[in-house]
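Each chain carries a letter (A, B, C and D) given by its place in the written order, and its residues are counted from 1.
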Amino acid sequence: MSEEIIKDVIVGEHEDYIINMGPQHPSTHGVLRLEVCLKGETVKYLVPHVGYIHRGIEKMCEANTYQQIIHLTDRMDYLSAHMNNEAVCMIVEDAMQVEVPERVKYIRTILDELNRIASHQLWWCAFGMDLGALTSFFYGLRDREHILDIFEESFGSRLLHSFVCPGGLMHDVHPNFQKRTKEFVKYFKTKLPEYDQLLTGNIIFQNRAIGIGHMSRETAIGFGVTGPSGRGSNFSCDVRKIAPYGAYDKVQFNEILEPGCDVFARYKVRMAEMWESLSIIEQLIDNIPEGDYTAKMKPIIKLPAGEYFRRVETARGELAVYVVSDGNKSPYRMKFRTPNFSNLFVMNEIASGYKIADLIAISGSLDLVIPDIDR
Amino acid sequence: MLNKEELSEIIRKYVPEAVFPEGTQLLEVIVPSEQYLSLAEKLKSDPALAFDYLITQTAVDFTTKFTVVCHLDSVKFRHMLVLKSELTDRDNPAIDSLSGLYPTAEFFEREIFDLFGIRFNNHPNMKRLFLEDDYGYPLRKDFRDEINIIER
Amino acid sequence: MNSIAQYFSDLFKGLSSLWAGMRITGKYFFSPGAIVTQQYPENRKTLKMEERFKGEVIMPHDENNQHACTGCGICEMNCPNGSIEILTDRVANAEGKLERVIDKHIYHLSMCTFCELCIKTCPSDALAWGQEFEHAVFDRSKLTKVLNQPGSKLRKEAK
Amino acid sequence: MSSNIYDFSTLTGSIHSWLSGMMSSGLVIFTEMVLVGLVFLLMYALLGLFLVYLERKVCAIMQNRVGPNRVGKWGLLQTIADLIKLLLKELIPIRKSDPLLFNLAPFIVIICSFLAMAALPYAKGLQAIDFNIGVFYVMAVSSLSVVGILLAGWSSNSKYSLIGAMRSGAQIVSYELSVGLSLLAIVVFSGSMQLSEIIGSQANGWWIFKGHIPAIISFVIFLIASTAEINRGPFDLAEAESELTAGFHTEYSGIKFAFFFLAEYMNMFIVAALGATVFLGGWMPFHVGNWEGFNQIMDYIPSVVWFFSKTFFIILIIMWFKWTFPRLRIDQLLTLEWKYLLPISLFNIVLIAFIVLMGWHF
C-alpha cells in the first residue's frame, strides 16, 4: 500500500466512494471486513480489517497441555481440521522422537486427502455461489455429505474431529472405513465431470474468471501466498513434495502448477487437486498395514527445552507451527503460521483495478477461512 | 541447496558477530538488531542464498528480552534459515521493518506489534491488527487480564 | 472474413457450453434421483446416530444403578475448558476405612468442546459418549448436568 | 378459425347485459371496472404467490433438494405463510432517506407490472382492453418499472442500493432495444400491433413455426433479453446478493419489500405471457396444416389452458436459466447486448422484412 493511500484513509480527505463489505456480507464467508474504495464500479484499493473473531488461540496454548492444544487447532481452519491437528501432533512426535506406526501414517494421509477433498468441495460450491451460480452450492454440499458421513462414522463428529493425538490416533478407524471410502471415490469420480460441465466449461464462468485477479509469481512469493492460490501463480509450494510427511513419500502424485496467475488458474488447480487426492486415496486405501493405531506415549507429555518448527500442507496452503518449549508440559510460546493470514493480505495487490464483481471472484478464488486469519 | 555449515559460513562473512546456537532443528542465526535488516537484505539479494520467501515472522517474550524470529525459505534452493534478533529494551522495543523486502512482513509485523508491542521502524502502517487500541499486549508474559482470562 | 468466422464460432461455442450446463440441471429436474435431505422431525423414530457419535458425555450405569467412577479427578484435570467438576465425599466402607466416592460428577455441556480427552484418559472407563444430540434448551443452566444418577454406587470389581 | 373454441365474450357479454338491466349505463361501466379490477387484483396476488412457490419448488428439484414441504400439502401454503409474515413485519423507516420517494418506489414498480396485465389476452375473448398498439403498450409499461427501481436505489441513501439501481438502469435501457426488435419481427410478420390480431394470424400455425429461422432467432433473443429486462438470474446484477447484499431493495422491509418481490415475479409472468402470445400463438391451440381430426381434438382443450401452459413453459425456461448460470459482470452484460444481441436482431429484422416482402412465409 502506498503512502498517499494511507494518508487518504487516515485523514479522510477523499472524495472516493467507500463501501464496507462485511463484517456481515454474503460473500465474505465469515466476519471479514473489506473497506473497498470504488471509482464507479472499479476498485481503487481495499483495506482488509480483521480481528472480529480473534480468540487468542496462541495465548490459550500457553496454558494448555499438548493434548489439549489439538482441539484448539480444529477451530482455526475448521475446513481442514485434520491437517491442523496433524501439524501439532507431528511437532510433538518430532520433539519426543517417537516413531509413529506405519498404519497411523497411512490413515492420517488418507484422512488428510479426504479432508482436502471436502474442503475443496465446499470451496467449489461457495465459489459458484459467489459468482451467482446457486445450483453449484447444493451439488457440492450433496457430495461433501458423503465424506462427512465417513468422518462421522469413524470420529463421531463431522467437522471438528480431534481424531489425531500425539503418537497416533484416538481410536482405530471404523471397520467400514475402507469400504465406504472406496465407495466414495467411485461415486465422486462420476460427479467431478458434472462439476466441469456445470461451471468450468461455462462461457459466462470463463469470462468471469479468465484474466481476473492477476497475481504474478513474484507477488505470490513476496506475500507468501501458498497452497492452491500460490500454485495458480506457478509458485511451487506444496509441502507434501518439499518435505514429505506421513505416507506422502510412498505415493505417486503430481504437484499441480498452473501458469495462468488468474482466478481461473486457481480454480483449475483446485479442481485438479481433487483428482490428485482421489488418486492418492486409491493408492493407499488398499495397502493400509495392520498394526497399532498409536505409539506408546507417556500420559504427560513434556517437550525437551528447545525450539521446533514444522510445516504441513493444509487445503489452503502452508501451515507452519513454531513451538518454543521450556521443558514444561505446556509450550512456552506457540505460533501458528496460518495460510489464510498471508493469503488475505494480497487482496489489495491483486484486486485493485478490477470491478466490484471481480473482487468477489478474487476473494472466492483465494478461499479464505476467517477464523484461520484471526486465530 | 546449501547445508548448515555452508550457510553459516556465508552469513558469518556478512555479519561477523552473528551467533549460531548449537543443536537446533534448523540453522539459527542471532544477529544484533542493528544488523538485522542489512543481513536480511543480503540474504535475499545474494544469488547463492536467495532467501526470497518469508514463511513466518514472530516474536517470543523471554521475560528479560524479546526475540524476533523470522523463518526464511528459498524457493529456488529449498534451504531454510531462522533469523533471530534480540531486543533487551522492554519498555520501548523497536527493530527495523522487513516490509520493504517481503510484503507479507508488513502484516506479520503488525501482528507482532499488536500482541507484543514491538515497534518496527519504517513500517508503512504501524497499527494494531486484531485488538482495540488500549488492550495491552497479550502475548507478553506479564500480561494480566482479570476479566477475560480465567486462570486455573 | 476471418474475424466474422471467429465471431460466429465464439457465439456457437458459448451457446454449446451454456447448453452443457443446462443439461446437468435439466437432468436432475427430470430425474431427481436420490435426495439426500433428511426429513428430521418426522424421522426421529428411525434416526439412528453412529455408534461413535459425540453427542454428550455420559456415565453409563448398569442395572444395579452402579457406575465405575472412582472420583480420581483425572478427567477434570484433562478437560481443557473446565467443563467437568467433581465433588467427592469420603465414606467409611465395610472395613471401617475412609474411602473416596463421588458425590456429584458435574458436567457443563455448554462449555464442552467434545475433544474426547476425559473419556480417553479415564483410568476406569467410567465415561462414554452418548448419542443424544437434541440439546436445545431455553435456559442455559439446564445444560449443567450431573452425570451420576442419584443413589448410584461405585461398581465393585469381583475379586 | 374453428368455431368450437369457447369464446369468453359470450360470458362477459351476458354479465354486461344482466348489469345493464339493473342500473344506468354509467353505473354499469363503473361496476364493471370495479369487478375487473377485483378480478385482476385477486389474480395478481394468487399468480404471484404461485410463481414464488413454483420457483422454489423448481429450483429445489434441480438442486436435488426437497423444497418447501412443511406448510400445507407439499408446502403449497408456504408462500401464503410468507406473505402473512411479511405483512406483519415492521416497516423500518430509514432516517436519512428521502421519505416520499422511498415510499413511492415500491408502488411505482408494482403499478407498472399491474398495468401490463390489463392488455394480455388470457383466452379467447378474455382481455380487459384490446389496444390496437397492444405490443407497444405492454413493452412501454413494463419498462417503466425502472423508474421505481432507480427511485428505490436513490432514495434509500445506501451505497449498495445506489450501485444496484444504476446497474439496473443501464441494463434495462439497453435490453429494452433487443426486446423491442425481437417483438418487432413478429409485428412485421403479422402486420399488426394489436395482440388479438397477432393471435388471429396464428390460427394456421404459430409464428415460431411459420416464420422460418428468423422467428426462432428472434424468439431466442426475446428469451435472453427479457430475462435481462426483468432482472432475473443470470442477469440479476441489480440484486446480485453475493456482491451487493440485495441491491436496490436492501433497505426495504415488510410489505414494501414484498411489493418488489411480487413485482419481480409478475414481470416474469408478463414477459412470458407476451412471449407466448407473440411467438407461440397465445390461447390458439396447436394446429397442424390440414389434419382436421387432430385439430378438432386440440380445439377441445380450453383456450385458457393453452395460454397458461405456454406461459408456464416459458417461465420454466427462464427459471432453468437462473438456476444454471453464474451471474454476468456489468461490462459483460452490456457487451452481450451491444455486441451480440443488438446486431443480430437488427440483421434479423432486415431479413424478416425481406421475407415478408417476397411473401416467402406461410
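Quick notes on this structure:
In this section, contacts are C-beta pairs under 8 Å (C-beta built on N, C-alpha and C of every residue); 3 or more make two chains touch, one makes a residue touch a chain.
The model shown is predicted, which means the values in this text are computed figures rather than measured ones.
Chain centre most remote from that of subunit A: D (centre = mean of CA atoms). Centroids of subunit A and subunit C (each the mean of its C-alpha atoms) stand 24 Å apart. Subunit A and subunit D have centres, each the mean of its CA atoms, that are 46 Å apart. In this assembly, the C-alpha centroid of subunit B lies 64 Å from the C-alpha centroid of subunit D. Centroid to centroid, with C-alpha atoms defining each point, subunit B and subunit C lie 42 Å apart.
Shared contact sites, meaning residues of subunit C that touch two or more other chains, fall at 18, 21, 24-25, 36.
Of all residues in subunit B, those that touch two or more other chains are 152.
The set of subunit A residues that touch two or more partner chains comprises 135, 142, 198-199, 202, 204.
Applying the touch criterion to all chain pairs gives A-B, A-C, A-D, C-D. Contacts from subunit A toward subunit D in the complex involve residues 17, 19, 25-27, 41, 128-135, 137-139, 142, 198-199, 202, 204-205, 207-208, 355-358, 360.
On the subunit C side of its complex with subunit A, the touching residues are 13-15, 17-18, 20-21, 23-25, 36, 50, 52-54, 78, 80, 113-117, 120-121, 129. Touching subunit A in their complex are the following residues of subunit D: 59, 62-65, 159-160, 163, 167, 233-234, 236-237, 240-243, 245, 323-332. By the touch criterion stated above, subunit A contacts subunit B in their complex at residues 1, 3, 6, 50-51, 54, 56, 58-59, 63, 94, 219, 221-224, 235-237, 242, 306-309, 311, 318, 320, 322, 324, 332-333, 335, 337, 341-342, 345-346, 349, 374. Across the interface of their complex, subunit C is touched by residues 64-65, 67-68, 70-72, 135, 142, 145, 152-157, 160, 162, 165, 170-171, 174, 194, 197-199, 201-204, 206, 299 of subunit A.
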